Each structure stands twice: as C-alpha cells, then as structure tokens.
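Multiple structures are listed underneath, in structure tokens.
Shared between the two complexes below is chain A, which pairs with chain B and chain C, respectively.
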Partner chain A sequence: MAEVNRRDFLSGLGVTVGTALTALPGVLPSVGVAHAQDKPKGNIPDTPFKIGHMTFFTGAAAVLGEPMYKGQLLAAEEINAQGGLLGKRKIEILKADENAGTDANVKELRRLKLSEKIDFFCGITSSGNTPALGPVAEELKVLTIFVDGCTDFLFDKAVPNPHYIFRITNMQSADGVTGAVAAAMTWPRTKRIAHIHPDYSYGRNAFDHFRIVMKKMVPGAETVSEAWPKLGTTDFSSHITKTIAAKPDLLAISVWGGDYVAFYKQALRYGMFDKMHVASMIAFGVAPHAIGKDHPEGIIAGVHSNYHFTYPGGDKWPYNKTFVEKYHKRFNEYPNFQAEGGYTATYMLKTAIDKANHLAGGWPEDDAIISVLEGLMMAAPAGYVYIRPDNHQGYKDAITGFSKNVAEYPFPILDPNRIITIPIRNITAPPGWPKGEPTSTYTWIDKTWPQVAMAAEPAKAPGAARPATPAPAKKQ
Partner chain B sequence: MDIALIHVFNALLYASVLFLIAGGLSLIYGVMRIVNLAHGNLYAFGAYVSAWIIGYLSTSVAVGEAGSGAPTWVLLALLPAGALAAAAAGALLEPTLLRPFYKRAEEYQLLVTFGLLMIIDDVIRFLWGPYPLSASVVFENFGSVTVGDTLYPTYNFLVIGVGALAAVFLWAFIYRTRFGVVLRATSQDMRMSAALGVNVNRVYVQAFTLGCFMAGLGGAIIVPSQSAVLGMGVDALILSFIVVVIGGLGSLEGALLGALIVGVVREAGITWFPEVELAVLYLMAAAVLLVRPAGLFGRA
Partner chain C sequence: MSTVTTVVIPARSPIRRLWYAAPVLAVLLVLPWVAEQYQTILLAYGLVMAIAAIGFNLLLGYTGLLSFGHSAYFGVGAYAVALMVKYLGVVSMELHLLGAIAASVLVTAIFGIACVRYTRIFFSILTMALSQVLWSLAFKFFWVTGGTDGLRVPTPTLLGVVTGKGDKTAFLVHQYYYYVLGVFLVCVAIMWVIVNSPFGRALQAIRDNETRAQFVGIPIWRYRWVAFMLSGVFTGVAGALWVPLNGLTTPDILHWTFSGKIVFMAVLGGFRTFVGPIVGAVVYNYLESYAVGYTVYWQLFLGVILVVLVLSLPTGIVGTAERLMARRRGPR
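Showing the complex of A and B:
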C-alpha cells in the first residue's frame, strides 16, 4: 500500500475543525413535536404504550443511567402532552435497574415482556449487557432500541442479523479512532505513548483502536506504559506515578465519570499535565458539569464520540438549542450523550410509528415499524443520525474537541472554535465487511487505511478542511 | 530513586485508608462477632457528608470560582464531620437494628447488614444524586512538594499521618486504657464479662460506634483527593475483606499488616504487572487462607 502524507490523509478522512453543521432543506423528520402533524389514519386504540426502560439507577454507573432515563422521560412527557403516540396512546415508562447484574437483567426483560406486556424495550448502558439482552429481545420478539451498551461485539457477533433490536449511540470503536485521529493531527510528532484505561471491555476497545490508528497515522510512535485501573478506582496515585516514570509525550485515557474527576484532580497535583499531552476519549462525555474549572485547558476532552450539549451551538442547530433548554428547565442540569440518546431514541420510535401509520393506517405492526426504522435518518440534537439497515446501528458524525473555560458556564466545555468532527462512515467498517477480531472496524482500518509516511513534517495547524472526499479506505 | 520514593508514599497512602476501613471492620468483628457488610457504605457515608459540607462551604467547588470560600483551616477542621456522622449512624444502628439479632444464627446478621448496605446505598443516592461529589479545594490548597524532579501532592502526607496516628491511638486505647481492658475481656468471653459486671450492651454500642467512626474517618480523609461516588462503599468493603483475610479477622495488628501488604502489592502490581493487578491481591488472600486459615494474626 502506498504511503501518503498525513495532511492528505486527514482531509481524505473528512476531518473538519470548527465548522458548523448545515441543515438540509426538506422533510427530514426531527425530534420535538413543534411542527403540525398529519391526522393519524384508521382506528387507534387508546391503551397505554408501555416502554420498559432498563438502565443504571444505582451504583457508580447511575451517573450515566439517570440522564438516559431523563432524556426518555422528557420525550415521553412531550409526546403525552400532545395526546400520546398517534394522538391516542399515552407512553408509560416502567423502570428497571440494570445494576442487578446481567443474569438478573435477562430475567427482568423476560418478565417485562411476558408479565407486564411491554410494547417497547429501551435503555441499557453497559457493554456487558447488550450482548446478553440482544439475543433475548430477538427471541421474545420485543421491539428494542438500545440507547448505549455500544460494544462493536453486539452486531459483529452476538446478533449479526438483527430484526427487533436497534442501537442509537455510536459504536465503541469510534471512541478510540476519533481520539487517535484528533491526537495524531494535533501532536503529529508524538513518539512515546502511555495508556490508562479502565480494565473492562470499553477500556480494552479504546486501547486497541487508539493503537491501530496511531500505528497508521504516527509511524514510529511506541507504547511505553499501560495502566489498567479497575472500573470504580478513585485512587490513581500509582497509575500516575507509573505513567510519569515512563516519560511519555502523549497520554491516552478512557477513564470516565467519578473516576475521571478523581484522576484529573490527582494528576494536577502530580504535575502530570505539564509533562505530556493528554487525549481522552470520554473526559467530558459523562457528567460535563461535574468537571471543575481547575481542569487543564487544551487537552483532547472526548465526549464518547457522540455528543456535547454545546455543539452544535447557538442558533446553528435549533434541535439542539431547544433540547438543551427544555432539558435544563425540566431537570436543572445539562444533558450528556445518554440524555440525548434516550430523547432521540424515543423520537425515532415516534417517527417510525407515525410513518408506518401513514402508510397502512391503524396501529402499525412491529414489522411495519421496523421497516421504517431501517434506513431512517433524523435530525436529532446531536446532528443527523442514521440507522443503517444492515446492522440496525445508529450512526452520527463522531465529535471531539479541546477543553476550554468560558464565562458562560461554571465548568469547562469544548472549545467552540476547535470542535473536531469526522464523518462516521469514514471511521467504521462498511456494510458487508467481513466480521473481524477484535472488531470489524479494527481489521478494516488495519487492512485498508494507508500508512502515513514517516517524514518529519513541521507541526501545522490542523483543520484546513476540504469538503469531504471519499474515504481513504477505498479498496485498492 | 525519586520514583521509588514516590512508590513508597503511594503504597503508604493506600495502606492508611485501607487500615482505617479494615481496622474498623476487624474491631467490630473482634468484639461482637458480627461481619458488618454495610461497613464499606459507612465509609462512603462519611465521604459524602464531608464532601457535602466542604463543597457547600467552599463555593469555589460549587461555582468554580477560586478564593471565594472558607479558609483551608476551617475546611480542614470540618473534615472529620463525616467521621462523626458515620459514628452517629453506628450508635443509632447497633441498638435498633443489630441487637435483636445477636441470639439468632449468623446468617440473619449477614442478611440484616446486607440489607443495610443496600439501604445506605439508596439513601446516599436519594440525598446526593448520581453525580460525583467533590471536596477537592482542600486537596488543591495544600499544593504539591517536589520530590527529586517530580511533584507529589502534599495532602497525601496528611492522609498517611492520620492513618499512622489512628493506628497508634487505637493501640494505646485498647492496650493502655481501662476501656480497652473491658473491650478485650468482652471480646474473649462475653458471658464471663457480663457475670463480672460489665455492661455488655454498652460495650457493644461503643465498639460499633468506634468501628464506624474509623470507617467514616477513612472516607472523610480521602474524599478531598478523590471524590465521593456511588459504589465506592462496596469496592472498599471487598478490599477490606482481602485485608482482614490476610491479617486475620478480629485482629488490629492483622488489619495494619494486611493493609500494608495490600498497599505495597497493589503499587508493585500496577507498576510491573498491570494486567493482573487485582488477581494478585486475591491470589495472595487465597494463599494465606491455605497456609493459615485464620489469617496471619488470627485466632483459630
């Protein structure tokens, strides 16, 4: 494979810095119920529409679970205020705690379907749970949109041909890839890379994809240190000491939530941020308002490659502006990517039901809703989200950015002038790509991305973005 | 060399907090023969109370503006509030919840304390929500000292100091005071001490309160450098079980030695074999169980 120059490679990826989304004109469905609706066709029952929402309501992951539930709750309240789905069926949410453990969660899903007769299953945070619940949802024939649990494994291996289950957040591999692309374009002369990742599938996945992208884009860089704190670690003294001792020039980190808050406060006191660049996959993704103003500026502060409530900002993308306003008004906090996911998943369902009713009349069968969901594209708060028909996975442009303190918020946000977005199609394996180890996207990157030449180019300001050209990954 | 020194400090830091938690767990078991599964959550409760008070008083945490809160020494003086809150919870829980179960089989006590674990978990989430609670202003104000050519957080020395002081005080308390004699007598033979006129109920509530105080102190002292998060109690409980399995349940010396061993092994594990950091701790506990089933200092 021919070697390429890094800047051509980046523009080939369609990476853009600091540009805004432009709205397509036309009739693309969107979240919110502001616009006038067609009258539903046919006879609609007025029985409640039951949603089983399973997520973390207890334990450390409640920091993700609660906003997910709140996002769905907000959407349900809005829809119910308009009379319910198709103007008749009020949404009723039954909560279930994902913290009960995978086996108990499987039992609970069965109970929800068989005893509570739920019409729709939603939620799920953990990547350990979707591969267990996915096959059961298929077996029970319960229409499902997973908000998260974003492991590539679900649609690579566990349910390779989904019918009833969908998923809305970007796949996990997008995290490591986005973080590495951003790091490679910002600090192209990186030589020594250290890693700190939580010791479970998410951290392993971030590590693998960060490494493979760095191998392609920053040849010659080596991994000099690895640390694998258990999920829930709040004492990072040892991991920090070890990392500093290895003298890296870049740290890749995917520690999240309360763990990350503890990490950065300790790292500050060890002077860690003065000694190396830092690229995080998810620093600002989980609880944006729990980060203090003491957080260092200018690090890559990932948002799980999904969503930060400040982007798209201002009036550029009204769906985000109104969502953030409504969410803040209702819950007195800012939404994270899970809140956006829960909200969007609910409106995707509503849109599919509306369309299916428009086509056939009456309350649509699940199969009719599914056929509308497949290939559906919507304008959501985070931007356009598209459900790929072949694997039922939601795709939206991956985003990350740089931490910055601004006057408007009592916590740091992503620097509005330096938001990095990457078209998702350019960083995930295309339909039909053979299933691979550890993920299809990994083997796709390994086999098809060109190798950036080793030449020591001067560090240039990144982001001289050209319009998105075809992926660099075209088969040779 | 500097790095080696920092590794030692890190190990001591971890051991100090572990000793406070595991020491309390061991003390309660030693005197009352109760394995308190909710012990880790009393540690979490202490952490949350301290973080809440400090966060409230230092508006710098609440709104992110520096220098607009109470001075550091005031915050430091209020830090033990978490320990007092945990102690108060203990003083309340022992007579009301645990006392009725002393005559029942051990399984009932396990069930009750396990139920308590879940209740405290939910109470914490109900009171403070799912987001991490931070008291880092104290940690920040202490700054860092230079060790060789690296920085080290000054506050960590305070934690190590408190851990060491707690060990010394506890030892003096149990081996050098009249109350300590009564405590040890009750622990050796509850019926005989009762026959000799010791008010066993009172000793029990005092021992339980003291144990909870230690757990709360562990939470209070560590929360400025970390943060209070949901689930921290269960993690702490599991680690303190490793400590007491190694050191011997019911023995304070064992808790101290166990905490030091776990602190050192964890530090070494993270540095040289990160892939099996956790496994090593469990393997060590398993090895101790095989060779000395009652732990290094345990009474068979």
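Showing the complex of A and C:
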C-alpha cells in the first residue's frame, strides 16, 4: 500500500480539533423536544409500559454505569409528564443490579420478561454481559436496547443477525482507535508505548485497536510494557512501578470506573504523569464528579469515544444544553456518556413507537417498532445517532479530548478548545465487511488504512532502533 | 466437625421415606403445566444446583471435609460441554453428560490426590486454591475458553430426538425441565445408595473418628479420595446440566465465590441430613433470584440470612424441621 504522511492521513480521517458542526436538517427526530406531533391513531391501551433496566447499582463500576439509569429515568419522567408513550402508556422502570454476576443476570432477565412481563429491556454496562444477555433477549423475544456493553463481539459473533436487540453507544473498537488517533496526532514522535488495560475482553479490545492504529500511524513505535490488572482492582502499585520501569514515552490505558479513580490517585503518588504522556480511552467515562481537581491536566481523557457533557457546548447544539440543564436540575450532578445513552435510548424507542403508530395505528407490534428503529437517525445530546439496519448498532461521531481544570466546575472537564472529533464512518468497518479476528474493524483497518511513512516526521535522533515490522497483535 | 455428635435420626425404612417423597415428586411432575414459565425455569436451576449440593455434601456431611473448591468441578463439567461443542461439534446432551463425567473424574482424581491428605482448614484452603487455578486458566487462556466473554453453547439435543429448535423458552420449561428432573432423580437415587452402602458407612466412620476408623482397617486416604471423586462427578454433572439453562459458560462459575454459594446451600438446608442440601439449593436459588430482582441491597440481604442461619438454625432448614417434628411427636 502506498505510504502517506501523517498530516494527509489525519485529514483523510476527517479528524477535527476544536468545534465544527454541520447544519441541522429540520425533519430529523430529536430527543427531549416537544414536537408538534400528530395525535396517536387508534386505540391505545393505558396499561403501564414496563422497562427492565439493568446496570451496576453497586460496586466500583456503579460510578460509571448507574448514570444510565438516571438518564433513562429522566427521559421516562419527561415522557410520563406528557401522558406517557402515545399519550397513554406511562413508563414504569424496574431496576436490576448488573453486579450480581453474569449467570444471575441471565436469570434476572428471564424473570423480568417471563414473570414481570416487561415490554422493553435496557441498560447493561459491562461488555462481559451483553454477549450473555443478547442471545437470551433474542430467545425471550424481548425488545432490547443495550446502552453500553459495547464489545464488537456481540454483533460480530454472539448475535450476528440480531432481531430484537439493539445497542446505542459506539462500538468498542472505536474506543481504542479514537484514543490512538488522538495520541498519534498529539505525540507523533512516540517511540515507546506502555499499556495498562483491565484483564478482560474490553481491555484486550482497546489494546488490539490501539496497537493496530499506532502501527499504521506511528511506525516504529514499540510496545515496551503490558500490564493487565483484573477488573475491580484497587491496588495498582505493582502495575504502575512496572510501567514506569519500562521508561515509556506514552501510556495507553483503558482502566475504567472506580478502578480508574483509584489508579490516577495512586499514579500521582509515583509522579507517573510527569514521566510520560498518557492516553486514556475512558478516564472521563465516569460520572464527572467522581474525578477530582487533583487529576492531571493535558492527558487524553477519553469518554469511551461517545460523549462529554461539555460538548457540543454553549448554544450550538440545544439538545445538549437542555439535556445537561435538565439532568443537573433533577439529580444535582452532571451526566456522563452512559446517562446520555440511557436518555437517548428511551427517546429512540419513543420515536420508533410514534412512527410505527403513525403508520399503522394502535399500539404497534414489536416488529413494527423494530423496523422503524432499523436505520433510524436522531439528533441526540451527543450529536446525530444512527442505528445501522444490518447490525442494529448505534453509530455517532467519536470524540475525545484533553483533561483541563476550569473555574466553572469542581472537577476537570475536556478542554473546550481542543476537543477531537472523528467521523465514525472513518474508524469503523462498513456494512458488509466480512467478520474478522479479533474484530471486523481490526481487519478493516489492517487491510484498508494506508501506512504512514516512517520518514514523514522531521528528522530527529538518527538511528533510533525500530523493528522492521511491529509484532503481530495477539490473536483472541 | 468431628467433635460434634450427630443428632441421631430414628432410622426409617427407605420405603417409608419414599411415601414422604411421593407428593413432592407429584408436584415436581405437574409443575410445568400449572406454574408460570419462569417458576419452572427457576426450579430447573434449583434442581441442577441440588445435584451439585448433594455431591458436595458427600464430602461435608458424610466425610467431614469442607471443600471450598467445588466451583472447580461444576466449572469443569460446564466447560467440558462448551469445549465439546466448540471443537467437536457435539450437540447430544447425553454425550455432554458423559464428557462432563469423564472430565470431572480426571480433574478430581488429580486434585484429590493432593487434597485428601489434609483435613479441616488445610483441606478447605487447598481445594479453594486449586479451584482458583482453574479459574485463572479459564480467564487467561481466552483464545480457548473465550475469557470473560465465555463460550456460547447452543441448545443441545435430548435423547437424540428432542432438538429445542424454535422457542427456547418453551423447550426449557417442558422438555429440558423433565430431562433435568430425570437426571436429578437418578442422581439422588445413586447418592442414596452410596451413603447407605458399607462404603458410605465407612465414610461416616472416618468423619466421626479418623483414628478409630483406621484401627478398624479402613484405608482412610483411599476412601476419602474415592469420595472426593464421587462428589466432584455429581457436581460436574450439575455443571453440564446448567449450561443450556445459562446459554454460555463464563469463568464466574469457576470462581471461589461460586463454591461459597454451594457451601451456603448445604448449610442453609442442613448438611447433616440427606435431603438438606437439596432443599437448601432450591431455597437458595429462590432467595438469590428474588433478592437480586427486588433490591440493590441483595448482598446485604443474603449476608444477614447467613448470619441468622448460623446463629439460630445451625442444623439448617431440614435439621430444624426434623427436630420440631420430633418434638411434636413427644419425647421418646
């Protein structure tokens, strides 16, 4: 493949730094905004519409996962204030704790559908759980929008032809890719990369995709250290000292939730952030108030490539402004990407029900709702969200940025002047791309992305030793 | 354990006991036709765990060894099935069960050699450590085991004819429930024979007084080793039966906390009786499922139950019930 220089590569990816928004088509459905909507057609029952919502209400993951419940609750309260779905059916949310373990979650989903007779299932944070629950939701025939649990594995392999299940937040591979693109454009002279990832499918996914992108964009950079703390670890000292000892100039990290909070506090004590650049996939994925002002500034603080409540900021994107205001008023805190996901998922469902009713009248069958959801695009707080019909996966432009303390908030946010956005189309495998190992996006990047030429950078230390071909990524 | 004198339950003939079991069996048989689907599925889970619990109790209740590593054999049974599906494409449930039995015999034979030389806390710690080894293997060798994603297992074929294609829920509630019930009854019958055989009596002798048992001429280690294997095989069978209910295997079932659940079940039902673990497993399964469903404080709820249980009902549900019944019948 022809080699290109990095600047051309980045502009080819459509990466923007700062703020750029396209015009808003008037007909697009949007969240939380009262539309001049037609009266529902036909007979609508007034039985409550039951939603089963499962996320982490306990444990270290709750600080990242629980806001998705709050997002859904806020949307449900807004919809109920207008009379409910189609003006008749009030939403009732049944909570379930994802922390009970995969097997208990499977049982609980069965209980929700068979015993509580839920109409809709929503939630899920961990990518260890969607591959277990997705097939069960299909077999129970329960309409489902997963908010997260975004492993590529779900629609690549576990449920390759979904019917009842959808997922709203970006595919996991976008996370590692976004983090790596941001790191490559910010610190192009990186030579030595260290990795710290949670030891399960999410961490390995981030590791694989970060590596393949760095191989393409920063040739010659080598992996000098790998640390794999178990999910739920609170003591990172051995991983931190090991990483520092390897003398990397860049750390890629995808530790998340309460684990990340513990990590950065411990890393501060070792002066880790002064010794290397840090690119995190999901540091600011937690509820914003969980991160303290002691968090270092200027690191790439990923938001799971989905959403940070400060972007799009100001009056540029009213859906976000009003969502953040309403959320803050209701819960006295700021939303994270999960809150946005839960909120948007609820409005996507509402939109699909409205449209299906408009077409056929009465309370729509699940199949009618599904066919509207397939290919639906909406203006959500995070921007446009599109549900791809072939894999039922939600796509929105990926974002990340740099941590910064500002006076307005008691916690760090993403530097508003340096937000990085990437069109999602340019970093995920297109429809029809063959299923690959470890993921379709991985093989797509490997086969179709150009290779940045090694000499593209201004000459620096001559003779820097680098392997001719980087080591192949681990097979899953 | 060996210092506590067992409450002597007046021996009744097995035939008399069957009379007590008959109404329970009748309820189990008609349940799928009267209860809602979820209740039947939950009971299927309970019966599967009951098989694991009676296996576990052969060691705790009858041999006096507290294993904290029975998750290992449950997991071996489950992963044996998943790997047979993944690498050999086997879909027959009977072959799954045979594979799970073979795999758990192999693993328990090896683990047993290491474990049965010790008793009390040393035995417990050793079994737990070995189960954690299997857990980390399942966790780390993700290209074989799927890591935390686990391995998906499609619906198996029962007796070579029932396929479960179509509505999986209906399959679980009817065909598969009866299949589990059948295997459960066979397991209970076999375990009943084991514990009432001379071999079972010898195990109880070892439990009550190791030194005396040795003097009588019982080869203690070998008997413990065989008991260890039998115990593991029952638990492995339960693991294999559990897979179609859950739909996939994950390392969760190999983790020591899962062993803790099995211990909890035996203690809850009463490990000094034959039926105690069965009742404990079914009841625990309901407790856990409903606690998770109704409150986010489910862990606290289960913890409180465990504390209350140990403090006020040390003989478990069945032990307490038997004592109450004996009291009502008046002093003998």
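Operating definition for what follows: the second predicted complex is superposed on the first by the 453 of 476 C-alpha atoms of A that agree within 3 Å, B and C clash if a C-alpha of one lies under 4 Å from a C-alpha of the other, contacts with A are read in each partner's own complex, and residues count from 1 in each chain.
Definition applied: contacts are C-beta pairs under 8 Å (C-beta built on N, C-alpha and C of every residue); 3 or more make two chains touch, one makes a residue touch a chain.
Quick caveat, the model's predicted, so the values are computed rather than measured.
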Fit-or-clash call for chain B and chain C when the two complexes are aligned on chain A: clash
Partner chain(s) touched by A:Y386 [first = chain B, second = chain C, both, neither]: neither
Touched partner set for A:A100, first chain B, second chain C, both or neither: second
Which superposed partner A:W433 touches (first chain B, second chain C, both, neither): neither
Contacts of A:F273 with chain B and chain C, given as first, second, both or neither: neither
Chain B versus chain C as contact partner of A:T58, first or second or both or neither: both
Chain B versus chain C as contact partner of A:Y200, first or second or both or neither: second
Which of chain B and chain C A:R111 touches, first, second, both or neither: second
First, second, both or neither for A:F331, with chain B first and chain C second: neither
Segment of chain B intruding into chain C (one of 112-120, 166-174, 184-192 or 256-264): 112-120
Intersection of the chain A residues that touch chain B with those that touch chain C: 57-58, 199
Chain A to chain B touching residues, read off their complex: 57-63, 65-66, 199, 226-230, 232, 234-235, 237-239, 241-242, 244-245, 257-259, 261-262, 265-266, 268-271, 287, 289-290, 292-294, 410-411
Chain C partner contacts - residues on chain A that touch it in the complex: 57-58, 95-97, 100-104, 106-108, 110-112, 114-115, 127-128, 131-132, 135-136, 139-140, 151, 153, 158, 199-201, 204, 231, 475-476
Chain C - residues contacting chain A, complex: 36-39, 41-42, 45, 139-140, 142-143, 147-150, 152, 167-169, 246-248, 250, 252-253, 288-289, 292-293, 296, 298-299
Of chain B, residues touching chain A in the complex: 3, 6-7, 9-11, 13-14, 17, 61-66, 121-122, 125, 129-132, 134, 136, 139-140, 143-144, 150-156, 222, 225-232, 235, 266-267, 270-271, 274-275, 277-278
